[in-house]
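After this come two complexes, each holding chain A, first together with chain B and then together with chain C.
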Partner chain A sequence: MRVRFDGVEVEAEEGQTVAGVLLAKGIRSWRTTRGGDRPRGLFCGIGVCFDCLVSVNGVPDVRACQRVVAEGDEIRTQAGAELPS
Partner chain B sequence: MSRIETADVVVIGAGIIGAACAEALSAAGMRVLVVDRGAPAGGTTAGGEGNVLLSDKAPGPELDLAVASRRRWPELIESLRAELGDEVARVEWEPKGGLVVASDRDAMGPLSILAEAQRAVGVEAVDLTPGEARAMEPYLTEDIAGAVHYPGDAQLQPVLAATAMLAAVRARGGEVRGWTEARGLVFDGSGRVAGVRIGDETIGCGAVVNACGPWAGHFSVAAGAPIEVLPRRGMVLVTAPLPHVVGRKVYAADYVAAVASSHVDLQVSAVVESTATGTVLIGSSRQRVGFDEALQVEVLRRLARSAVKLFPVLAGVPVMRTYGGFRPYTPDHLPVIGEDPRFAGLWHASGHEGAGIGLAPATGRLLADLMCGREPEVDPARFRVDRPAVMAEVRT
Partner chain C sequence: MRRIVVIGAGPAGMAAASAAALHGVEVVLVDAGAKLGGQYFRQDALAPGDRFKLPSNVEHVANAAVWAIEPVDGGHRVHLRVGPADGPARRGRAVEARALVLATGAYDRALPFPGWDLPGVYTAGAAQALAKGQGVAVGDRVVVGGTGPFLLPVAASLIGVGARVVEVAEANAAVTGWLVNPVGALAGWSKSGELVRHAGTLARHRVPYRSRTAVIEAHGSECVESVTVARLDALWNPVPGSERRLEADAVTVGFGFTPQLELALAARCRVEDGFVVVDAAQGTSAPGVFAAGELTGIGGADLAASEGTVAGAAAAKFVGAAVEPPVRAMARVRSGRRFAAALNAAYPVRSGWHDWLRDDTIVCRCEEVTKRALFRAVDERDVGGVRSLKLVSGAGLGLCQGRVCGRNVAELVGVDGTGFAKRPIASPIRLAELAEEEPVETPVDAEESGRALGVEY
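After this line comes the complex of A and B, so read on.
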């Protein structure tokens, strides 16, 4: 299946998480921190730490390690804190 | 650091109240040992929101204590900064003010009456039209009848505040010992408190302060002087950090009624605020379920629904976690601060329910004033231990 990450089409496997798709592409960070603008990606990997947040289809604060991709997902790097669009 | 073998005062409980009592006593020159059966500031103090509120209190002894405490907090933080440095004194103090919102005309009546009574005793309370309230809090629902703004309401991070006060106690020659359970008291020949039993050890001391929060009833039984302090459970939802959505402490007018109620059943009313890191805390619930810690999804649902009613934008925001705690509840809703009439040298400081963070510094000071024989700033009569609602029968 195909999803988009920051506007670029990316191949994904059925059942992969967003984090799985991004790591498979060699992408290790997909968020910047709210205070110091520092890069963040996967930390705990089990849904607890809320560090791997990403925006999916306009919904911010989605945990990349928990969200299983669906065909056509629009995944976007999240800059700081965002409200749902 | 050497371990203290004797102390002027042993404070049982290293929560915000125990820390405030120990800070005030050590400021008066006493050598203080604080013990806690768990981690310091790890019980009720870690399970709340950091409320320093005037708005939810009707004129009376609790409001008097709250006013003294609200005046004291910034002074105390400033003096801790001078004594211990910036890092220790950083407790996320935010004098942000509160906004109490009436959802309809029925709620507006009691809110206006309360605000009028509070103004009469000097609390700043400004009546707002729905438009004025929304100008202050742009994400607030349009569906309100009115609101009252309380510039005096404030917030801090309670764990940081308690540990800062405990740091001061240590700096003044006292000691804080976690994971240490006080098992009972030791008396001298005249029946006066002479020490505390801690494990196999006895620490000699001139006075003991029971600051065990919701467990103050338990300790009072172990001490042989039971008081009626019961646990009341509260839960809080935490959102992911958000951009600026909630500026003040915003809560629904029915919160005041929920605080004052004695119902056993679940009471939920929306209390919404941001923290320094951007997360939004959503309370509040009150339930008398003993010390049952089981997570109840229905409580969380009702919290979420009530918050979305105040701030519709929160409907699309994920909840990151939830936490809760037990608040020390007394049958007449007033704290217990003073010496036990049954044993000279046994003091109690508990029963602040959900207001302990706000009331802590004035409580500590009141206790220290009474213990040192100084004239107290706040009238201690209504908080005395020897009152019918609090004095429990010795159960055999």
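After this line comes the complex of A and C, so read on.
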């Protein structure tokens, strides 16, 4: 299947999580923090820490380690605290 | 038909569901994952099917977030959002039952150190989950740090998905010491063989395994580029002059585990020393609420499964099934707890880590609270406990609700950290989800037995 990350088409497989797709492509960070504008990516990997937040199909604050990708998902880097678009 | 709800489909929850189902009870088994197994038996998410098969009277509700447990007359109501994680397509569902088994497990404890907020620093569990579940290595050159036997399977998993493990840094004494010479309290521990195999994998790949060593700093601008490891003294203070710089693009840390307590606290179970107190039947202080696995003490998968078997049988009995006491599982629980106690005593966390931090080191990742800000807040205001600590410092107020920083921050300022797990909303949900009306499923036996349950009766 195909998904897009920041507008670029990326190959993905059934069962992969957003974090799985991005890490397999060597992408380590997909969010910046609200306060210090620092890069963040995966940390706990099991849905506990909420560090790996990403925007999926216009909805921010989705845990990349928990969300399983679906065909055509539009994944975007999340900058600080975002409102749903 | 009688019904119970089991929360968590790891070793403890699967065993509890099976045990209750074998006694003729309907089981609703709720889990956050897509497949059964939890963390320990995490399955390859890319492979089709499920390697576990549960009895037909177990309904496995996958991809479900339990966001609240509410006491109702005669039992509890469990509130779920079911569907793709954190998205608007999740559906609400509420299931009531007279008996619950909580098997929510545990997650890695990560101690803070300068640079631990850089991308490329992961918990040991993250490396394990990505390797086992997604077939991905979290880095090309990985340093594995922390304490306890769990570091060995993590390093072996990383090697298995093609990473080069630069070094394993064990902050306490070497696991390999008692593996080679298994005497004393850990002689006969069922996991020894598995660990010997992992140690063999490390040896074949010439991975240095160093005891009394820790990663005390990660370096890099946007991502981890190298780490500093140092020898530790008995209290985990870095030995001056022992620092070494290792080139690595990832580091994993795991200093034991923290139980997922919020649902147990919501169900008003008594917690002592950070764990749910249970009796010989895995019953908690809350009538009809049973707990099994890491919630009751960190003890690994075998002990968790034995506790689950006992809890499932006890819950079935509680809702009226005819149950023979599961004496064999109860005996396994007793011996398992002896090994767990010996293991936990061998891998303590020493206070020297407090000095790994610098003033500008972040202690709360969500709210970006530094050590300096934490101590300034505590010095200027009266902090009597977790609630005031959160309010004056901001630590633990972010999205993870103190799951990551709670224990560390509580230890740094010297308060009891259990309060960090008091979360009326157990997992973050969107306001629209909270506002939505959800169908409530009352137990099918409620009317037959004439017992009131839920506000509908």
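Everything below uses one rule, namely that the second predicted complex is superposed on the first by the 85 of 85 C-alpha atoms of A that agree within 3 Å, B and C clash if a C-alpha of one lies under 4 Å from a C-alpha of the other, contacts with A are read in each partner's own complex, and residues count from 1 in each chain.
Following the convention adopted for this analysis, contacts are C-beta pairs under 8 Å (C-beta built on N, C-alpha and C of every residue); 3 or more make two chains touch, one makes a residue touch a chain.
Being a predicted model, the structure only gives us computed values, none of them experimental.
**Student:** After the match on chain A, would you call chain B and chain C a fit or a clash?
**Tutor:** Chain B/chain C on chain A - steric clash.
**Student:** After the superposition on A, what does A:1 contact: first (chain B), second (chain C), both or neither?
**Tutor:** neither
**Student:** With both complexes overlaid on chain A, does A:23 touch chain B (first), chain C (second), both or neither?
**Tutor:** After superposing on A, A:23 lies in contact with chain C but is clear of chain B.
**Student:** Kindly classify A:56 by the partners it touches after superposition: chain B alone (first), chain C alone (second), both, or neither?
**Tutor:** second
**Student:** Touch check for A:82: first (chain B), second (chain C), both, or neither?
**Tutor:** In the superposition, A:82 contacts chain B only.
**Student:** A:41 in the overlay: touching chain B, chain C, both, or neither? Say first, second, both or neither.
**Tutor:** second
**Student:** Could you name the one stretch of chain B listed in 241-249, 313-321 or 385-393 that collides with chain C in the superposition?
**Tutor:** For chain B, the clashing option is 313-321.
**Student:** Under the contact definition given at the top, report the residues of chain A touching chain B in one complex and chain C in the other.
**Tutor:** The answer is residues 34, 50, 53, 59, 61-62 of chain A.
**Student:** Under the definition above, what is the set of chain B residues touching chain A in their complex?
**Tutor:** Residue list for chain B touching chain A: 240-243, 245, 277-278, 313, 316-318, 320.
**Student:** Taking the touch rule as given, give the residues of chain C at its contact with chain A in the complex, in rising order.
**Tutor:** 32, 34, 39, 44-47, 84-88, 107-108, 110, 117-123, 125-130, 133-136, 138, 222-223, 260, 365-368, 398-400, 403-404, 428
**Student:** Could you list, by residue number, the parts of chain A that touch chain B in their complex?
**Tutor:** Checking each residue of chain A against chain B gives 34, 50, 53, 59-62, 80-84.
**Student:** How about chain A: which of its residues touch chain C in the complex?
**Tutor:** 13-17, 19-20, 23-24, 28-29, 33-36, 38-51, 53, 56-57, 59, 61-63, 65-68, 70
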